[in-house]
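Multiple structures follow.
Two complexes are shown next, each including chain A; its partner changes from chain B in the first to chain C in the second.
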Partner chain A sequence: MLDQVSRSVPDRLMKIASTLAALLVLLVFLHLTTGLLMSGLERLSWSFIRLEPLHSGRQGGISFVLMATGAVLAICLLISVPVSFGCALWIQDRSRSQVSRGRKWLQRCLDLLAGLPSIVFGLFGMTLFCHQLRMGYSILAGGLTLACMILPLQVRLASDALERVPDEYLRGAAALGLSRVRTLWHIVLPTALPGLMAGLLLSLGRAASETAALLFTSGYVTRRPTSLLDSGRTLPVHIYDLAMNIPGGEASASASAVVLMACLLVINVAAMHLAGRWRQTVSGE
Partner chain B sequence: MSLWLPDRWLTTGSRICVVIASGLAILMIGFILIEALPALRQSGLSRLVGDAAWLASAGRFGVTPLLAASLAVTAGALVIAVPLGVLSALFLEVYAPAMIATGYHRMLELLAGVPSVVTGLWGLSEVVPWINRMQPPGQSLLAGCMVLALMILPVIALTSAMAVRRVIYEQRATALALGMRRDTFLVRIVLPLARRGILSGVVLAFVRAIGETMAVVMVCGNTVQIPSSLFSPVRTLTANIALEMGEASGFHRSALFLTALLLMVVIAATLLMPEDQSASPGGRHA
Partner chain C sequence: MTGTAQHDPASDRPGSASTETITAGCGLTTGMLQVAHLSVSYGQRKVLRDVNLTIPPRQITAIMGSSGVGKSTFLTALNRLTDLEPRCRLEGQILLDGCNTLDPDCDLQALRRRVGMVFQRPNPFPLSIRRNLLLPMRDAGLNASEAEIRMEQVLRETGLWTEVADRLNQSALTLSGGQQQRLCLARAMALSPEILLCDEPCSALDPMSSQTVEELLTKLSRTVTIVIVTHNLAQARRLADQAAVFWLRNGTGCIIDSGPADRLFEQPVNPDLEAWFAGRVG
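== the complex of A and B ==
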């Protein structure tokens, strides 16, 4: 019915309006990406990635920044992945057997965390980790803050992945008298792994693009980080600092932004690919 | 049920994770409340709301201009993004040929994934100079609205598209049986029935916009004042926290926690609103 060509005037007007709206959004998107690429590609080269930052980032590259980013993200995932996987397992146990009050309560808590702005996590992390637990502005404090922030997203993605494991598999495992650990290891994990990985990548992308929560937790310096208690700025913080506080830093900011966007694009494409392939295998069974 | 030891470890382990996650939520709320309490107790609500200036060095902590700026920027962004988002959803689900719709959908997903600091960078280097040519200084409420609108548009468009698609799927046969024109079907049936889904997208967009920090810090100018026009520079609640939390201590830090609390109250009030509407299913005339 909706494909059939309608000749009424209001319908044509709506078609024109919606097409124009879509075109406008597309143009702005192209303006954003090409603008970024044009100003970023001048500075971008292999040495930009490899060299250390000089003159607050105006010259040189971003190697130390990339190291700090990697360290913060690693700590973040190291903490948040086990916790979120545990929560997802617990949620799945509950939802398959009965409607539980505990599950609703956990969901409330996670919704609450998901609704908080990232700057509030930053404020929280700065006061708790940096000041009260005396970690100072450090990679460790930044990673912990980030872990708190992406926890709700990770729990949701992980429990979505576990939920799609077909019921027959679990019933089969129960009929064979497999223990819970064996069921998890031999049945649930192999089936859900691509979905879990896709969720992991999506949350990694979210963590990698975060700025506000890290501004005053992982710190600002551009030195080479040597320990987890060293301060180190991540790529988004580097972009922010170059654009706002360093006169003449725009070219480096754009180049760093191109690097960040390229990383995110790779992560997202990988996640989509995994999710797509996994949907095929699960539904194809 | 099982008494095998690793099974019990698994159960205990996942329980511990749940305790950590829910404990974190309680910890955050408690922490923010406790940290905000000294400011609330010492200065009282009237001074916080009544004072028209936030000037930490002079000991003045009036939240009104910050809150006004936050609400103004968010409202402006919604005014731009809601019509564009809903029209984009109609384009996706109704008017675009299949191939173009797929591409447009992909583009919206990419746009949703652009980090806020990158959107802010674009705003700073493209939007601000453009506004500056119309009326200096360029860093303004309007710039904030435009940048935020770009960030929340994919949220609104993708959520609305999902709602619209479901309603079309459910009601197509009815419309066909009645011999409805396409525009009548869309305006009279699809949009009213999809209203709840669209509204939930708008609520999500509101929460995202009022909590957004980096893009707003970069393009809004950060002058503490109640906005008098679209071109006046403003400082939002979130921007204020980001700008001052580095050197804040004592009462000043407590006041910042109070603004975070205020932000949370606004967000909680927004999130609870649609639940009230779902309690009374009005406007369903299908």
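== the complex of A and C ==
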């Protein structure tokens, strides 16, 4: 009976369509990465990573750009991770324990914010951080703007991950009189960890590839940043500038894109490895 | 529980100095529960009305009745797990050794350590077997070595020690259903509660595992007050010293008969109950 069903025409069509879709995604990915690698590897070398940018980035390397990128992302995560996790916990707490109108409104606002174009966040960051809070065009202002930008996405994904923690674990913990902190650390976090990590890495990817919001807030000078209140150019801004404004900058732009992809890959692998190790320690397995 | 020379297991309880007193002025620990005029509502809907029941210490009290009459709600009211339900409201009194657990000042953590619970479906945490048992004990204030000793003790009591001694660091989720339920029993017993609430603990188990759990409950009832919700009349007959039957009256659950199990099964005073025991109503 099952065989007959699986051989029906709509089933076959669905199977073919889904296979084609999967192949299409794979082809796009392969085309993108091979194209980038072919044009970028020629320029890529250890000195490209180590040297400072020269002649608007056409020559030299990207060391100062990497420093600025790291600093902007660190500020962004330092602010957004605890705030988004706290907010997600509040939402989950409300949704499990009571019917809360505040939670629904907050979720609607977050969904709306998550859909806003990044350039709007750039304008917001420039007005608030650069001008009103007098941070100027700085790494700090850029990091804070990015934090605001990825916060709605992070809260949404963290909230979804926490929602998937089975009620039976929470009821079991409550029935044992376990404290909220211990329940959170030993039961909720390890259970929600895959979802939390996926959310963190997705939002990190969005922050690391952001250009528009940073053009308005952290600036695009290629000099070495000396403090968090100094202006700095991040990798996506560097790639954009080389590709659009600098004649002969295409090779450096491709090489920088390869570095950006490699950085994201390394962060992904390292984060998943660390999360796995932490989960193993907490679960005692 | 009348002789003064009788050993009181409460004296072995972990973290006794800080956690036993659930509200000020309640120091005696016998494991006696008295439910007086208990009503439970979810929003506007009343699910239990005017429930009165005395649960004697160190006996097995079976809570019976058809589906949807509020048996599990009653059970979760005893350790205030109903507080986790949105818009749930409790009225009346539940006296644990004379102390009202529905008092707003009641320390819920201390209450739930004194009134343990085992659920219908085994719910071990996604941690190692060892960590499942140590976690509540460490949280209750036992030091590492005390907790390790107690862990072995409860695993032996539940007959799990020989089965898991060599794989304590493996995930508890790798155990069979019956083993998981016994682990949950061991986890609840690790805190040496005076009362153990069991919400149909055998309903998700095969007959062999059910038998093991039943034998375990009978053994535990020597030292712990056990309140068990069951659909299984044969199981209630086998296990219970006392019994109470819940019934729907005007859409709300209430007790229609309670008392010693032998009397209840042999001479049911209520015609509805007699018909139910005879299988004439569901």
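In this text, the second predicted complex is superposed on the first by the 228 of 285 C-alpha atoms of A that agree within 3 Å, B and C clash if a C-alpha of one lies under 4 Å from a C-alpha of the other, contacts with A are read in each partner's own complex, and residues count from 1 in each chain.
Throughout what follows, a contact is a pair of C-beta atoms (placed from the backbone, for glycine too) under 8 Å apart; a residue touches a chain by one contact, two chains touch by 3 or more.
Just so you know, these numbers come straight off a predicted model, no measurement behind them.
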Request  = Determine, for the superposed model, which of the two partners chain B and chain C contacts more residues of chain A.
outcome  = B
Task = Have a look at where A:151 lands relative to chain B and chain C in the superposition and call it first, second, both or neither.
result = first
Query = Looking at the overlay, does A:64 come into contact with chain B only (first), chain C only (second), both, or neither?
reply = neither
Query = Should A:260 be classified as contacting the first partner (chain B), the second (chain C), both, or neither?
reply = first
Task = Check the residue A:179 against both partner chains and state whether it touches chain B (first), chain C (second), both, or neither.
result = both
Ask   = First (chain B), second (chain C), both or neither: which does A:236 touch?
value = first
Query = With the two structures laid over each other on chain A, which partner does A:187 touch: chain B (first), chain C (second), both, or neither?
reply = second
Request  = Using the superposition on chain A described above, determine whether A:129 touches chain B (first), chain C (second), both, or neither.
outcome  = neither
Task = Could you list which residues of chain A make contact with chain B in one structure and with chain C in the other?
result = 179
Remark   = In the complex, chain A touches chain C at residues 96-99, 166, 168-179, 182, 186-187, 190-191, 282-285
Ask   = Quick one: in the complex, what on chain A touches chain B?
value = 1-2, 4, 6, 8, 10-11, 14-15, 17-22, 24-26, 28-29, 31-32, 35-36, 39, 82-87, 89-90, 93, 102, 105-106, 108-113, 115-120, 122-124, 126-128, 148, 151, 155, 179-181, 184, 205, 208-212, 215-216, 236, 239-240, 243-244, 250, 253-254, 257, 260-261, 264-265, 268
Inquiry  = Using the touch definition from the top, list the residues of chain B that touch chain A in their complex.
reply    = 2, 4, 6-7, 10-11, 13-18, 20-22, 24-26, 28-29, 31-32, 35, 83-84, 87-88, 90-92, 94-96, 104, 107-111, 113-122, 124-126, 150, 153, 157, 168, 172, 175-176, 181-183, 185-187, 207, 210-214, 217-218, 238, 241-242, 245-246, 253, 256-257, 260, 263-264, 267-268, 271
Task = Sort out for me which residues of chain C touch chain A in the complex.
result = 19, 79, 81, 84, 86-87, 108-113, 116-117, 119, 121, 123-128, 130-131, 134-136, 139-140, 169-171, 184, 187-188, 191
